[in-house]
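Two complexes are shown next, each including chain A; its partner changes from chain B in the first to chain C in the second.
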Partner chain A sequence: MGEFNKPFDAIVVGAGPSGNAAAYVMAKEGLNVLQIERGEYAGSKNVQGAILYADALEQIIPEFRDEAPLERHVIEQRMWTMDDKSHTGMHYRSDDFNEEKPNRYTILRAQFDKWFSSKVKEAGALVLYETTVTELVRDLSGKVIGVRTDRQGSPIMANVVVLAEGVNGLVGQRSGLRDEVAPESVALAVKEMHFLPRETIEARFNLSGNEGVVIEAMGTITKGMTGTGFLYTNEESISVGIGCIVSDFAETNVTPNELLEAFKNHPSIKPLLADSECKEYAAHLIPEGGYKAIPQLTGAGWIVVGDAGQFVNAVHREGSNLAMTTGRVAAETVVSLTRKREEMTAANLAEYEKRLAQSFVMKDLKKYKGIPELLHKNKGNFFGTYPRLLSQAMQTWFRVDGIDKVSKEKAIFRNFRETRSLWGMMGDAFRVVRAWR
Partner chain B sequence: MSDVMTAPRAKVEEKLFQNRYLVDAGRPHIKVKAHTTPSASLLAMTTLCPAGCYTQTESGQVEVAADGCLECGTCRIVTRKTGEIEWNYPRGGFGVLYKFG
Partner chain C sequence: MHIVVCIKQVPDSGQIRVHPVTNTIMRQGVPTIINPYDLFALEEALRLKDKLGATVTVLTMGPPTAADSLRKALTFGADRAVLLTDRYFAGSDTLATSFALSMALKKVAEEFGKPEIIFTGKQTIDGDTAQVGPGIAKRLDYNQLTYISRIVETDLDGGKITVERRAEGGLQVLETKLPVLITMLEASNEMRRGSIENALIAARADVVTWNAEAVGIEDLTKCGLRGSPTIVKKVFAPTARTEKAEIVEAEGKADARAAALVEAIFAKAPAVESDLLEHAAQHYV
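On to the complex of A and B.
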């Protein structure tokens, strides 16, 4: 393959949001970039809820709203705590979200990634699809100098390899750059796409035009496992899914499909999906280990971005924006080193980590570093006991049955204390506050 | 009991019919290594795999049929310590093809 004789300035492994952001920024700045994606097209292997946070993309492609395939802009967020028959909701809806440049959109990843990939090509990068990177190539000193693929016989060389290969990250793991992901640090999510006429969606969710609603749910729907459910409105479809930590699934022997079926048939969810036609069933992992699970991010000739680096803020369900931001920052680091004609050594690439430390990415992940462990250790309470107690309290309070309010208050308090001791509750509250700070 | 166990499995297969796949005939990307008794982790995959790819034979071994695989990687992570399976991505272009994702 003659065109690959000269080393590229950079090779990007993967065409998800992190790889596309990295390839786009480097190509736009004039670097000679090769991007390799194993899917038939960008997005064909990728799954997300999916909420797109505009800010991260706007910093890369300011005019994206005119071109990107966006579904609905989110004007209402519903947070539900569910037990088997009820949900207690906190809803926030504001006309402020009907702004000229909305802040959050629902998207369909297969279509969005395809669009982003077309922008990467426009910016001048060479993109190879249907090609899987099988290993990294190193020189005698151990520096990464290229990749091997399942298509090209000889290795393809580059000054730096950007690993944007997602949560499974086989290339980096098999090259010993990082450990295998632990089952405790990763969630398995299953998701379905349900189609409905847009008028039905608008009537059902009280929407007009391209307004959208998103629902995040937790409680007994995950059967005591650490996890959450979600339901997002798209233009003519609804994304519905549920995910739990893999080690929890392994202990409980609940099948992911059964869990999703139960969620879809919950009395609060079922009417929202009525008469819809399901057109796709997908599954994907989500890195949820947070700050403490972040592996080494740079070394001689390589740099890690996105899910491969565990960059997901599970508390706020942010991943794609961290992916795009880490991809952009990595690209900016590589661009500045290339311009200065500096080598892609471990010491020079460490600049990426310094830049990340200054950004919201590391600040947010650091803030919540205690949350994964807290939820893991107390899952029975957070995903069983408390949701049930909350539902019982609500029902006691709202049911009008001749019992006076003081007695009702006492009954609610007694129920909490008997189910979970006062010390237990205070301890949980303390732990939540500490992990949140 | 057996009804409860088989009903959702059948349903998963129905769901997989809605998906698009390009199967790399004769080159499965996941293989279970020969064994007499599966570890608890490998056995757990018979319920854990979101596509129902893993089954236990009558003689107790665990088998995989990866045609409907969603490429999530769960089985790889769960058996990472026991090393009972060999897991690779399908060759470039093959495997599941999400239309919506």
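On to the complex of A and C.
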């Protein structure tokens, strides 16, 4: 059994987008990689909306479009502000998105992750499924030198452990590398998959071939909580879901299920799902704390990627691309250290953070670092008052009832002022601009 | 001792979806598992290995992706995995399957030693025929013990084995000579969780892969669809029943509740009431 004592170059904990990206890049570069996944297969435990952003994956597997299981490429984005009966929409649709190498796709994670995992194995990594890493093993100096699993036997050693373990970061927590995720920094999202014939989907959303539509919605649908709803078109199904910050759920006592039922029955959503058959439901946590919630990312012998590092851009609904990018960058850091025969010390692994700072990942998260707190503190206005005011203004404006337009304008402004003081509105506007910059 | 366990990769019936539009089974994306009955067979083999020392070979016939199931069998502690795969085997019924597997087993005997015991599950969850095990035993001229719930004793020196067999109306205790093919009954044991070493060995292991030619099959008309006299004529989804079950709620003592139930039945089906009254008038008055 001597060969088991030879340490791996790297152990990757988890087989989601970040773990697969990290394991793939390291294995492809010739490192001796072990990846450990608790699910029965990669994707069996993973939940997402889900949108795949091509760019991040293209940098890892350039020819992925030829083989990955993709549903539809997105040609239209609808942004909806909703009150109880209406939505005000901004839609952007462009034939430019029908390009040869489309930019965004809807995917089904169970299938996509399985494919990604098969690429990891092809690249030469050893992958263990149905095995849970329980804790990290350290030497006397505190450096992480391996992992223990829930299977009987000796610990497995490695020069570095890449923690791609997902939003909860349980291994990191148990090993004292990080705190528990704060309920204010994480959203709970629930979703359902509704099946429809592809012709129905195409007719209903004005699509042809593999074109797809994405709807992102905010407003009174979250009952005053910080959150958003979504609806994505897949090949023969529609993913519909909604999510809010966990601490808001605790405060309001609204259940995620009620929220989703109400969203599905909203007059703007209901006809889109008509006659469909719900075949699947799922729930997942999404790290939405942004820049300020990012835990310590590196230390002696360990490095954190993906959701475990809170790498989600909540404003733009991006996550899997940040996961793949952080996985890739971590892998490249480990590869270059291994090549130079350098130790995986805290100082050397800090190179990962330097590289991330230069990438869109940290730049974007930094840009929006004030947003989570701003929304949290003003959720009543942003997810209730303003959407309601907007709907009322639209209705006043578009309803033809013999009242002159000047009076209508005045009525709209009066409504705004009376509901939310001028100072209050200006203050919110100022805070949004400041948080956005 | 050499033990071979024949397993089959099957779609996870708990996760099969029927296409809502075409009513056909959606195989794509449905996870596959080791036929659950075969796990009892594998665990029994591993217990014999622990007790008496043995080499355990797992064998399956299927598409190249069936290697996943073999690898999983290795994580439980099997020593060697053999995959019999060839496009000529596609569409095999139980006759063609038992032929191909028996040829593979002859090759296993040549390469790795003659197995004293061949284990299988009592049947698969996708075919439910329970014919392949006995078919193999017949073709290899092995004694066969089906629906076995317990191995009582294995006497290697004496070349015999004693088992318990669940039969209608009781439990049979049977003794027979080795070599033997045993099909295991469900709930006869519980599959273990393999150690981390087993998991690593499995992830690294090469699956021995043979095609029809490699196992010496010359007459390809005995294989696959051509060698299968069983024909699936039609697959259909049963139509959903329109009538719904109803729960009758009633308060009070047992006889009051029974009366309420009878009343509810009579209200729904007056013919039942009149029939019963007629019957009573004829026989009891």
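One rule holds in what follows: the second predicted complex is superposed on the first by the 433 of 437 C-alpha atoms of A that agree within 3 Å, B and C clash if a C-alpha of one lies under 4 Å from a C-alpha of the other, contacts with A are read in each partner's own complex, and residues count from 1 in each chain.
As a convention for this text, a residue touches a chain if its C-beta (ideal position, glycine included) is under 8 Å from a C-beta of that chain, and two chains touch if they have at least 3 such contacts.
The structure displayed is predicted, hence computed values, not measured ones.
**Q** Evaluate whether chain B and chain C can sit on chain A together after superposition, giving fit or clash.
**A** fit
**Q** Among the partners chain B and chain C, which is in contact with a greater number of residues of chain A?
**A** Partner with more touched residues of chain A: B.
**Q** Should A:Ile156 be classified as contacting the first partner (chain B), the second (chain C), both, or neither?
**A** second
**Q** Thinking of the overlay built on chain A, is A:Ile245 touched by chain B (first), by chain C (second), by both, or by neither?
**A** Neither: A:Ile245 stays clear of chain B and chain C.
**Q** Which of the two partners, first being chain B and second being chain C, lies in contact with A:Met82: first, second, both, or neither?
**A** In the superposition, A:Met82 contacts neither chain B nor chain C.
**Q** Touch check for A:Leu126: first (chain B), second (chain C), both, or neither?
**A** second
**Q** Regarding the shared-chain residue A:Ala110, is it in contact with chain B (first), chain C (second), both, or neither?
**A** both
**Q** Touch check for A:Lys279: first (chain B), second (chain C), both, or neither?
**A** The answer is both, since A:Lys279 touches chain B and chain C.
**Q** When the two structures are overlaid on chain A, which partner does A:Asn46 contact: first (chain B), second (chain C), both, or neither?
**A** first
**Q** A:Pro197 contacts which: chain B (first), chain C (second), both, neither?
**A** Only chain C; A:Pro197 stays clear of chain B.
**Q** Just the number, please: smallest Cα separation between chain B and chain C in the overlaid arrangement, in Å.
**A** Least C-alpha distance: 6 Å.
**Q** Could you give the residue numbers on chain A that contact chain B in one complex and chain C in the other?
**A** Common interface on chain A, chain B vs chain C: 40, 44, 108, 110-111, 130-131, 149, 151, 279.
**Q** Considering the complex alone, what residue numbers of chain A touch chain C?
**A** 1, 4, 34, 40-41, 44, 108, 110-111, 126-128, 130-131, 149, 151-154, 156, 195, 197, 236, 277, 279
**Q** Any idea which chain A residues touch chain B in the complex?
**A** Against chain B, chain A makes touches at 38-40, 43-48, 50, 108-111, 113, 129-132, 149-151, 167-168, 170, 180-183, 186, 188, 190, 192-193, 237, 246, 249-250, 253-258, 261, 278-285.
**Q** Under the stated contact criterion, what part of chain C meets chain A in this complex?
**A** 17, 20-21, 29, 31, 75, 193-200, 203-204
**Q** What part of chain B is in contact with chain A in the complex they form?
**A** So the residues of chain B in touch with chain A come to 8-9, 11-12, 15-16, 18-19, 22, 41, 44, 47-48, 50-52, 70-74, 76-78, 80, 88-93, 95-101.
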